[in-house]
Amino acid sequence: MSSTFGKLFTLSTWGESHGGGVGVVVDGCPAGLSLTEADVQAELDRRRPGQSKITTQRAETDTVHFLSGVYEGKTLGTPIAMNVTNKDQRPSAYNEMREIYRPSHADYAYQMKYGIRAVEGGGRSSARETIGRVAAGAIAKKILKTVGIEVIAYVESIHNITLPEQTKIPSMETIESNAVRCPDPEYAQKMFDHIDAIRKDGNSVGGVIRCIIKGCPAGLGEPIFDRMEADLAKAMLSIPACKGFTIGSGFEGTKMLGSEHNDIFESKNGEIHTKTNNAGGTLGGITSGELIDFKAAFKPTATILKKQATVDKAGQAAEVIGKGRHDPCVVPRAVPIVEAMTNLVIIDHWMRQKAQNGTFEF
Amino acid sequence: MSSTFGKLFTLSTWGESHGGGVGVVVDGCPAGLSLTEADVQAELDRRRPGQSKITTQRAETDTVHFLSGVYEGKTLGTPIAMNVTNKDQRPSAYNEMREIYRPSHADYAYQMKYGIRAVEGGGRSSARETIGRVAAGAIAKKILKTVGIEVIAYVESIHNITLPEQTKIPSMETIESNAVRCPDPEYAQKMFDHIDAIRKDGNSVGGVIRCIIKGCPAGLGEPIFDRMEADLAKAMLSIPACKGFTIGSGFEGTKMLGSEHNDIFESKNGEIHTKTNNAGGTLGGITSGELIDFKAAFKPTATILKKQATVDKAGQAAEVIGKGRHDPCVVPRAVPIVEAMTNLVIIDHWMRQKAQNGTFEF
Amino acid sequence: MSSTFGKLFTLSTWGESHGGGVGVVVDGCPAGLSLTEADVQAELDRRRPGQSKITTQRAETDTVHFLSGVYEGKTLGTPIAMNVTNKDQRPSAYNEMREIYRPSHADYAYQMKYGIRAVEGGGRSSARETIGRVAAGAIAKKILKTVGIEVIAYVESIHNITLPEQTKIPSMETIESNAVRCPDPEYAQKMFDHIDAIRKDGNSVGGVIRCIIKGCPAGLGEPIFDRMEADLAKAMLSIPACKGFTIGSGFEGTKMLGSEHNDIFESKNGEIHTKTNNAGGTLGGITSGELIDFKAAFKPTATILKKQATVDKAGQAAEVIGKGRHDPCVVPRAVPIVEAMTNLVIIDHWMRQKAQNGTFEF
Amino acid sequence: MSSTFGKLFTLSTWGESHGGGVGVVVDGCPAGLSLTEADVQAELDRRRPGQSKITTQRAETDTVHFLSGVYEGKTLGTPIAMNVTNKDQRPSAYNEMREIYRPSHADYAYQMKYGIRAVEGGGRSSARETIGRVAAGAIAKKILKTVGIEVIAYVESIHNITLPEQTKIPSMETIESNAVRCPDPEYAQKMFDHIDAIRKDGNSVGGVIRCIIKGCPAGLGEPIFDRMEADLAKAMLSIPACKGFTIGSGFEGTKMLGSEHNDIFESKNGEIHTKTNNAGGTLGGITSGELIDFKAAFKPTATILKKQATVDKAGQAAEVIGKGRHDPCVVPRAVPIVEAMTNLVIIDHWMRQKAQNGTFEF
């Protein structure tokens, strides 16, 4: 069930870049939640192409349709199927790809795995698949809001431009106020200009997204294997182009002494908290009640508008050059995907914890 | 099933630091493999305490017993239960822990999650739990050897001492030739001396482990969620003290241009390979036939022999000081754990790929 | 994941009786299988309403569409999404159902579980859900044919008319030659006439389906919990209206002595077989190479065109009378559903067995 | 994970008839439950051999040990490992079995599946494996008691002696008052005498167990595949020697008209109930609040003390005769196993329902 994620609140995505569209089935959603297509569309609009000149200009509206699971405006508790039709298809643009492997794309690996692949747009490996995740995540987000949990992600770096450490958690409004999704207007502009220059040069860049979870109670996450940080790491590395994950101090923490790294407990307003948060919000795989704080690294887009050497299916030397309409940088559009996957991890663990430890009174 | 890992080749670990021991049940193991307790013991000996003066001096032999699943020296295909008895228990050393939360330990989070916890030795959050993983990994390792796959992990950095990039993959013999498990003798000595100095100071340090998988064919790993890198990330972040995972270029890759980062395909001796390996051996979540190459970050040990402020269960200010016999640095002993988890991920994906795409001929 | 079935070859169904249709996502399908919508439609046509005067007269063509996973006529190995639009909807016919619980329908139980339900047509509890299963089963069937496995189901009894024990396995052609799907023309006519008389009286009847699996090799099925017969039993009892499952001698076997019941091994043409098949094709949960032979009991349709006492949501006494277009007997249309679920169980276990015991050579 | 059962409250059994014992790991158990080995032993004592002259005379005390997961008399929420050592082993009694397949035993099927098998006592296919289930079920039983759910199973028929329909649910005391576990003393004696006569003749018999679940609220069970009756059917058919399952009217219900079979709703003391219970306590796979009422058929024991024809591994004709100490009838000892599996199904569904529909308030 490689296209299914979650244990209790599950999503199963389907669809290729070209063809009958992409979609998702969400199973295990609690019944009785008010839910409209507009709730989901709002998140898809944050993900879709064409939001600014630094994202791909493909003309996709990514309009979602509910096929099941919602009745008279409320969730039924049964599977919620949602789909988005593929609109702006130009299969002829991909004829060359039939024979030639694009560097750092999944074409070659899919061919080796399955002995067949959908050529156009990368087929299943297309980032269009993440539409299903964002749609499912929108439902999780709406539910988590009812218990005071909010996931906030933003761009921390683009290429070699890095936002300085923020003194407070940025608001969603600030983050969404610019096309880069960087909460500092000055850095956002720098990043925007840099991406735009890269775009004009036919090249691409990557960057780092930071994600904060506010309001998450202590006690979520399961030792041993389904630790909160393990499931978050898996969720992040499952996003196309993600190459790294850190929580709390991450790799930097390896350069600290234990006496510097340990987060000292203290009482604040009758609640136990830690003075620092090098742990990033989990202890032993279980949330501690502190902010959950992690980062995900995204590599530069593989498709560039420059000539590159490669080989064809027969192993013969060949050349390839990317053709228009690709994101020079996926990072801004990855922000809502990071949030969606995070909301999905959290709701699943919330339900798991309630099932085990919130049900019986002994 | 939070203590179960894997889809086809599964392990379920059990046990607390103190009490009836720790163990594991391995299910789905192919039948007919020659297997003895000595095969497993060899790996446990790499993990156990007391290997040198820079590891904890607890006197545990960690002797494994097969309880089921092996018959006349061969695996039966049915569950292989293995256990290790707890020997060197000093529960009285933990009386204080009953009331006081140790900074950066899991005590507090377990209490919040379950409303109860095994006090001695951290109970289930103890690194003794990883015995079960190493035992299970030893079986996976033996099977993978029959198809030419080898997992090699080593220490790349300790605190601020970092081994320079190696020009070739270190041999297991070189790595195992010193207590730090660093393949360069000079750096190994520097790291050893540094850990020893930290130990004498009652402090602790962390570090980074690099792991290479040799001989893995193209085609393993499942889009979308069970990508090879996603399952490796989850495996690593499920290890105690792990705070970060990168594959290939990782966070450094975010500072490269697409034109620098892309791995160019070429033909070598009739096989398709890439000139560089920024991807770290996977494309779109599927192995490409290149070396799989990832890193895991481990924070400094939480237990230090210095007085630290904390709170007790009632939230009142308190102090705590670690008492003897803790690793000043877990990284050298984490090497066989990293390898074990990696072997477990690979064998599971091998079996999944064979099940789907190696069974029918159309 | 209550709407997902299978471990390696999985299906996830979605959809309510009314609304955006019903569908299924099949994941884990081997790549490279030639597959067209016509392959699937052929099975759906066996299940759809309106096949004769003894089935419901709802005008549904149940036309299937592939949304993903098939490319240029072959399976990609990625999720195959299929949907069927709901056509003949008469929601106003269900207004009464909003307040009144129909006897022996799922309305009441859904309301108790979820606090909400889709009123029209029983929503998710409608037998329309089984469209997704038949569609998925059609794929499994096509694959299993390539390895010589064939599943044959037929009607063994309707109400109190029971087909005598057959001396040989009926052919699919014989079974499909009549509307009842009973392989004996004489009994088929008797059953047909009886169902038709029951229909005219506004009443309903049930019956028993027998299912035979030919060509299944020894070795499929997993001890302990995922025994072949356990998974078949679950598959059958998951079909609406199924109230019982037996394999081999079933309940009759409890009336035999061990000396009568034991199936004696003998050699036939160099192969080991049993003289009798009281076991029904499995030993210890594992297929033995004999015919797999089981039965499933289906109760009479709950909806009858007679006035029945019941209660409304407030618990007040009420009356209800079924309104037109319901099957007076679901059993003939359940035959392809039984086959589909059986094919799905078999292919999943085939893949599991190959993954564990067909992959490595020791 | 063929030896794992359940989704949230899981058990993984291990062990062969001979060798290091048998055991189970229970994961997902709620924390804070008072639990002692005596709680579990009480149920194991109901299952163990040697309870009377009609059960096998093997001298096994089946003493359970907790290895993990319980601390100071309470469950920790982490895996509970329990084991039972094998005592009365006579491997030499099985030398013949190495070459000869016993009729209707799993020897042959295991050999075909794995290419290897543990000869002594049937290895993994031994009913000793059910010790793990009964141990796990004892925990589930204790938890369910806190919410007023009780599972009661009893012997309804042995061979051709059938207890008449009972007018009320038998008490556990009545059932346990005799060695057969039949609630009517007169029928119990008849059955006992019959089994004893069969035993003296070296033959074996089977029978039917009926199981009632009291106090189960409406709303448990998941459409579509994880219906309550589907999971109960799987649970029953996973027990050695079980060949059939019916719920409510079962196969008899196929002989009723819809107008006879439908269970009419009515109000009783302000609660909605049904006048009859042909459904057996579920509607659409979901519990309705009525008694859950099902039956399981058990075939005669395969081992008989009579000479039977068979073949050896080479396919050559051979003879075999069972040697001492086997149950002439497994049904009385299967009663606690049926109860255990039922308690395990119910607690898992209870937790699933709470997780989805008992957690959020919209």
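Labels A, B, C and D are assigned to the chains in the order they are written; within every chain, residues are numbered from 1.
One rule holds for everything that comes next: a contact is a pair of C-beta atoms (placed from the backbone, for glycine too) under 8 Å apart; a residue touches a chain by one contact, two chains touch by 3 or more.
Please read all numbers here as calculations on a predicted model, not as lab measurements.
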Open item on the list: When contacts are scored as defined above, which chain pair ends up with more C-beta pairs, B-D or B-C?
Closed with: B-D
TODO: Compute the centre of every chain as the mean of its C-alpha atoms, then state which one is farthest from the centre of subunit C.
DONE: B
TODO: Please decide if copies subunit A and subunit B contact each other with the same set of residue positions, more than half shared, or with different positions, and reply same or different.
DONE: same
Task: Centroid distance [mean C-alpha coordinates] between subunit C and subunit B, Å - done: 45
TODO: Return the distance between the CA-based centres of subunit A and subunit B, expressed in whole Å.
DONE: 26
- [ ] Please work out the Cα centroid separation of subunit B and subunit D, and write it as a whole number of Å.
- [x] 39
Task: Residue numbers of subunit C (touch at least two other chains) - done: 2-4, 7, 13, 28, 31-32, 74, 77-78, 113-115, 124, 223, 352, 357
Open item on the list: For a test of understanding, state which residues of subunit B touch subunit A in their complex under the given definition.
Closed with: 1-5, 13, 101, 103-110, 112-115, 122, 124-125, 129, 157, 159-160, 198, 203-208, 217-227, 229-238, 240, 242-251, 253-267, 270-272, 274, 278-280, 282-289, 297-304, 306, 308-311, 315-317, 352-353, 357
Open item on the list: Please output the residues of subunit B touching subunit D within their complex, sorted ascending.
Closed with: 1-4, 7, 10, 12-16, 19-23, 25, 27-28, 31-32, 65-69, 71, 74-81, 83, 113-118, 123-124
Task: Complex contacts: residues of subunit B adjacent to subunit C - done: 7-8, 28-34, 74, 77-78, 143, 146-147, 223, 350-352, 354-362
